[in-house]
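Note sheet for the following structure.
Labels run A, B, C, D and E following the written order; every chain starts at residue 1.
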Amino acid sequence: MKPVIAAKSFEQLLKALHQLSSKYLVVAPTTEDGVEHYRPITQMSEEQKSQVERLSLRNQPPLGSVKPFLFPDSEIYIEFTKKDGKLDVQTPRASVPQIILGAKPCDVVSLELIDKVFLEDPVDGLYQEKRDNTVLIVNQCDEMGANCRCDDFGVQRSTGSADLLMSKDESSGKILLKAQSEKGNILAEELLKEGMEENPVFREPKVPVKEALESEKIQQAMDDFFESPFWEELAMRCIGCATCTFYCPTCHCYDIRDFQRKEQGARYRTWDSCMFPDYTRMAGGHNPRPTRKDRVQNRFYHKLSYFVKNEGALGCVGCGRCGEKCPVGISMDTVLNRIGGEVNDK
Amino acid sequence: MKIGVFICWCGSNIKNMVDVERVAEATGKMPHVVYTQDVQYLCSEVGQSDIGNAIDEHQLDRVVIGACSPRMHETTFQQLMNRKGLNPYYVEIANIREHCSWVHTDKAKATVKAIDLVKKAVAKSYYAVPLHAESLPVNKRALVIGGGIAGIQAALDIADAGYPVDLLEKESSIGGKMAQFDKTFPTLDCSACILTPKMVEAATHENITLHTYSELEDVSGYVGNFHVTIRKRATSVDEERCTGCGECVTKCPAKVDNEFDQGHSKRKAIYTLFAQAVPNKPVLDRKNCIYFKTGKCGVCKKICPTDAINYEMEDQLIENDYGAIIVATGFELNEPTHLGEYHYGHHPDVITSLELERMLNASGPTQGKMYRPSNGKEPKRIVFIQCAGSRDRHDGNSYCSKVCCLYTAKHTILLNEKFPDTESYVFYIDVRTAGKNYEEFYERARQMGANYLRGHVSKVEPLGDSDNRLLVRGYDGSLGEQTEIEADLVVLATSIEPQQGAKKLAGMLGISSDRNGFYSEAHAKLKPVETQTQGVYLAGVCQGPKDIPEAVSQASGTAAKAIVLFNRGQVKGVPTTAMVDEELCSGCMQCKPVCPYEAISQEMITERAHGKARQRPVASINRALCQGCGACAGLCRSGAMDIGGFTGRQLLAEVDTL
Amino acid sequence: MMQDTFEPKIIAFCCNWCSYAGADLAGTGRLKYPENIRIIRVPCSSRVDSALVLRAFQNGADGVMIAGCHPGDCHYDTGNYHTRKRMMLLKSLMEFMGLDEERLLVKWISGNEADRFKDTVESFTSKLKKMGASGKVRDLRCAK
Amino acid sequence: MTNNPLMPINAEVINIIPESNDVKTFQLKPEKPLDHMPGQCAMLSLLGVGEALFSITSPPGRDYLEFSIKRVGKLTEVLHQMEPGQTVGIRGPYGNNFPVERIKGKKLLFIGGGIGLAPLRSLIQYTLDRPGEYPEAKQLIYGARSTDDLIFERDIFNAWPEEKNFEVNLSVDVEAPNWDGFVGFVPQYLEELSPDPQDTVAVTCGPPIMIKFVLQTLEKIGFNPDQIVTTLEYKMKCGIGKCGRCNLDEFYVCKDGPVFYLSDLNQMKSDFI
Amino acid sequence: MCKITEELQQIAAELLKEGKVDLVLGYTKGEQEEQSVPCIVTQPEDASKLIFDEYSEKALSKYLLEESFQDKKVAIVLKGCDQRAFKLMQDESRLGREDVYLIGVECPGMKWGEDLSPFCLHCDYRTPAKEDVDSLLTGADIPEAMQGEPLDHEDSFTDINRLEKMSKEERFEFWKRQLNRCKRCYTCRNACPVCTCRVCVFDRENPDYIDRAKDQMAQHQFYHVIRAFHVSDRCVSCGECARVCPEGIPLHLLNQKLLRELDKFYGEYQAGIDEVPTPLSHANADEPDFFGKEGKA
């Protein structure tokens, strides 16, 4: 059964979700000082709430992806007190169920790519717990944003592990939700109780899906391109910040750190970036990727070659965030446009 | 790492307010603390041997003391460490007496605080590093800059102690300002009579080398090891050949104003500075020499019996190494032309005190006769104006020139003695007579008839009479009304100022000047002759206005400092100096200007990176100079600069413990 | 937290030559002041950098005091001139960021000003008591 | 409770053996046994200080695990200050191991430098423990900067030279009094000794620069890349192929390594040193 | 094509052709609309890629410190602020003047979203001094807003005034919200042309001055205060920190606030124009004393 339910308006949907906020943490895209992010709706100002509809239904992802809600930028997993030589260890409490409203297909696929890493044995329980606790409400984009390359990466309108699909019926202004997982069904039931109604049909997106790049071809082209002087040129332009990696929805690298002051402390993991020299620099000083060229190359090869070899898929969803925010304008296109005609011919 | 913690009771001083046993117990649980003990008196012999025994028994490598202020007994415990073969900087002291038991009244809270303080010390000791003082050999030769009375005195004292001294003087003779004076207050000794023997002694002393007509060209290095370049200006007179007969001076046709007499007489283009000049050999003033101006003349060369005149002579650069430098560059007098109300420079009968001094001097331009420059007649009424340019925030210097009150008293006395029918009027703000026998001297001046008027002079103007006399308008504070005095001569007590080139010299020596341009001593009270640059000392008025006995005693003070340095034979720095982590240092040298001791310089190091050897600059500390203040470390962005005993890690550890 | 039971934590950096000596003199003179202050000895107030001050606040200090010689009296001649310049900037930046710059006290206390040291500790402590616990710059993992 | 593979278990420090100025060997007894094979690593950590990966020095089958640790950074500095009886965190073992099956019946040449002897020691001891499986001649070429930097003195000077069929060759980089061994770098010594590559497998570990030249020398004296095994040391955080940093091309050193045949490394596009 | 671009292409081609330089570091058109990005040209025929326009914001000078640029003769395009940054690096011994060919360009003012950058509106050093560069290209189309006298600091950085007028709690909330978004990606640091330390204090692990946690406001505050402090007197007012921040945090306000205070109390100083030492590396008795109002006891 794939029930379709409808809210009279987006406002009604938001209201219904609000009603569930004692049970779920409900997050949705909004703007904060002009920057687009997913934020808990309970913490939004009225002004911010008014942005939610536009950004949820928009054909372009916000700057911040949904990743931080499943793989937080900092996550404590051991808390401890050391008093008079005695160590007392606690693990933080379990995560709460959460609803992510207005996630994009690229977000969904990016999580599926992270799943390949984190849910592979040994399973990363911290991630899995949040993944299991998350209901994704996804709007399938009708078109693409200026920096979107989701069509190339086969992500356009992917619905894979979305729990509910969302679209707006322009004529009636109704917001339609279609459940497509167990979690989705449960939420749909709950939303029905909050005043939403069943609807006979779901509005499917208009534009046909384009053919995607072939991951093996890209991987092969990348491997053939390894010795190209292009990488040195690109590295000379890169300034080595972590913008690309921190805004990438598929980057999953992390660092493990300890913190202690007086008797209290914590061990946590926190996002790390392969663009930082100390990412690979060892305490003794040796660094297997000593130059920026090594690091730049590693990032692109990780996404476009190694990931294909290890996980059978490209490690990029074409969301365009890295290119949009790169202070020196380096994007996935910068590389894809150079690795050979064959790829671009499709 | 094995740390022993020792808590002192200080009898009842600590124990009454702090539960010492609890402190020992609580800190004993910290990592690496293997031994704790509370002791009745840690500073006593018993306490010391308790620590010593524990070091032996438990193989302690660090010791933490909870006791009185480290300012009290740090050395005691450091010496104990030394005796035990441990570095003295492996002892850390928590001040639980002055900062805790003595200032608090709640025993429970004081105990908690004492525990915190000792824990902080333990945490700091985790990151203690062994420290040693750096020592450098000293070049036992002194340079004295300035051949006035202060410079001469300093040079003689050092020379008498057996060390070689170079005495540098920019004029052609040593003697300085004192050589221009007639008498000295308060004794009225003849200035020349007491100065000339000293000048001769300096010139003939086996340990003193005179460099007259010379200036400082460059200074590098640091205490014990200064490298100095001296520029000896060309005198055009071969010193070896010249006998000082004076024939050339007599025959020289070029006449110019004599600066030594403040322009009240003429001298020749080839001249000796004054009759008793030392060395008593002429120099040729090329700016005014006819030969140098026109290429014709050459009289001096022709008549010199020893062929000592050499027109081709060039400036000589002399390089020498010194261990200490004494700066005794003296002062200048302000030219009061900017004080328009006194009419100086507009009326010839308004003169400065130094001009008067020259007139009164038997060997001066008038052979001791008084005259009015306007008409040559003897002045009958002389008005002295004090603080002409001193203590004047608006048009002059805000400070007091210190000697004017007394020399003006001297002038009135001398005038009264030599020319009993002259009247002296003195306008003053305050009369300052701090100094032995000074008040008596001033009293004597008044009793001898000098008229002292407390008040400002608002204007000096020509009276317009046939005698061209002056009208001095002023305020008489004792009468509380405006007063006018007709005067034959007006004498301005002008302000003492630093030498023109003082700033440049300060730059070369790395010493600082105060807001008035006088050189700054290292500490106003306790280091009055030292400067921030170790090995550079200050004597005389270059440090601030002072009279002759003060200048002389300060000079002897500098000599003592230099002699101490030479006797010790080495400069020993403090152990807690700055240290540079070359790996982190970018060599940006932001730290360099911060250092008050010029202890930081840039150095090139070679390192291998990416398979290539490259040179790069880093900051480098001269550990003999660095005093360990840490201003550099407080500024260094990457934390490359650290201070031994107070490293970033240690301070962070302390902060993190509290 | 109740205001009258709140005991602020003060970390003080005192220069060895003046302020630390001033604190010593307060002890020798048996002057009494609140227990809230913990003194860290530094050679000169200029040794203290902003990182140390912020670290103290992060760790939960309610007040930080930097005490040095009076201007002109610095043992190292110019150290405290640097201190006042740097700390003025730090305070103005703190204020600009809405942080409680009053919690950072810079004070000149000479080696013979025991009373001034005592008065400073007393008034700073009571001021901080009124202000309550510092929360704006505190690392929450250090919360007691 | 959340299944978190990053969660360490406790291990008691039962003994600490100083090896050199900056190396100490720690004998640990984990609260639950960790079964490992030679070449594998484990994460050691101290709460509040940090966590790092170290190769296991002891052979399998002991009731303790040994780690030889050089003092280079924050964690190792604190580890070096520890005393027996204290506790550390441990998780693992991680990574692959030396190809104990493939090298059976071969002559074995071990080449180590400095702290790099640590992982080799596990394998050496493993093969010495099983003379039936590894009967052929064994040779160790081991060097360090100075005599003070040689580790496992009790093994290299006493125990191993006593073993049958085991030749121990030692070198130091710089001349030292009372040193009658080789003076020079390990690759030079290797070239001088030029062991016969016939039926031999060379296993090497040491500082990156040494490995680089040892590999060149081995090929020069006739070893084929598939006769050369090395173990790589990369910075690691998770140890389970998720945190990203230790990849060499598509391989994660923590998971697919740290032991590699040179023939495999030669296939890599990236420089492995 | 504007005059400067034309001349730039010409000079670049000549320099490369004559072998005077190995590469020219300038700008080219980016992939996005209204975007210019750094560009390295090594062949004379590629010189035509080079452009210079109102989107050529990126300060290029710091690239010269990168390993890839060592042992090469480089020609570099510098606006006024970039040349200041270059000069500061030179004064701080980070590089030498000899091996670099400086192409100074007159800056038409850079875009700041739709508007002109407040930095440019305040700037009185749009064009490097002739004697400081090897070639100087002028003739930019100066927008009207930039043609008169530069704006005063108060009139240009009005956000500072606005914040100063807020209550302390409002200011705190403002910065809390802003800094909450900080991910410590270090883009601001890496883009800053005067952040030139060999080893950044924030990259040091032992001791770790900063903790890596991204969920602690205190750590963000620490980072941003210390960063502002390290840049303060050395800031060349290029505006890169704010431009590159992916979270749109107005970081420049912190620097500019400090600059305003420094100028107010210690006299105006412009890093990279005025001689070193910078204001924070010297101090003297005559400076105002903020902490001694009650005088000596």
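One rule holds in what follows: a contact is a pair of C-beta atoms (placed from the backbone, for glycine too) under 8 Å apart; a residue touches a chain by one contact, two chains touch by 3 or more.
Bear in mind the structure is a predicted one, so any value in this text is a computation, not a measurement.
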For subunit D and subunit E, chains touching each: A, B
Contact distance in steps, from subunit A to subunit E: 1
Distance from subunit E to subunit B - Cα centre to Cα centre, in angstrom: 43
For subunit B paired with subunit D, centre-to-centre distance based on mean C-alpha positions, whole Å: 65
Euclidean distance of C-alpha centroids - subunit C vs subunit D, Å: 51
For subunit B, residues contacting two or more additional chains: 31, 594, 610, 635, 648, 652, 656
Multi-partner residues of subunit A (at least 2 other chains): 255, 257, 259, 261-262, 265, 291
Contacts with 2+ other chains: residues of subunit E: 67, 201, 205, 209, 211, 213, 216, 280, 283, 285
Chain pairs in mutual contact under the definition given at the outset: A-B, A-C, A-D, A-E, B-C, B-D, B-E, C-E, D-E
Subunit E contact footprint on subunit C (complex, rising order): 50-51, 54-55, 57-58, 70-72, 78, 81-82, 84-100, 106-108, 110, 113, 115-116, 136-141
Touch list for subunit E against partner subunit A, complex: 30-33, 35, 37-40, 58, 62-63, 66-69, 177-178, 181, 183-187, 189-191, 203, 205, 211-216, 240, 243-244, 246-249
Touching residues on subunit C, where the partner in the complex is subunit B: 9, 11, 16, 20-21, 23-28, 30-33, 35, 38-44, 46-49, 51-52, 55-56, 59, 61, 72-73, 75-79, 82-83, 86, 118
In the complex, subunit B residues that touch subunit E: 514-515, 583-594, 602, 609-610, 612, 614, 617, 635, 637-640, 648-649, 652
Of subunit B, residues touching subunit D in the complex: 1, 31-32
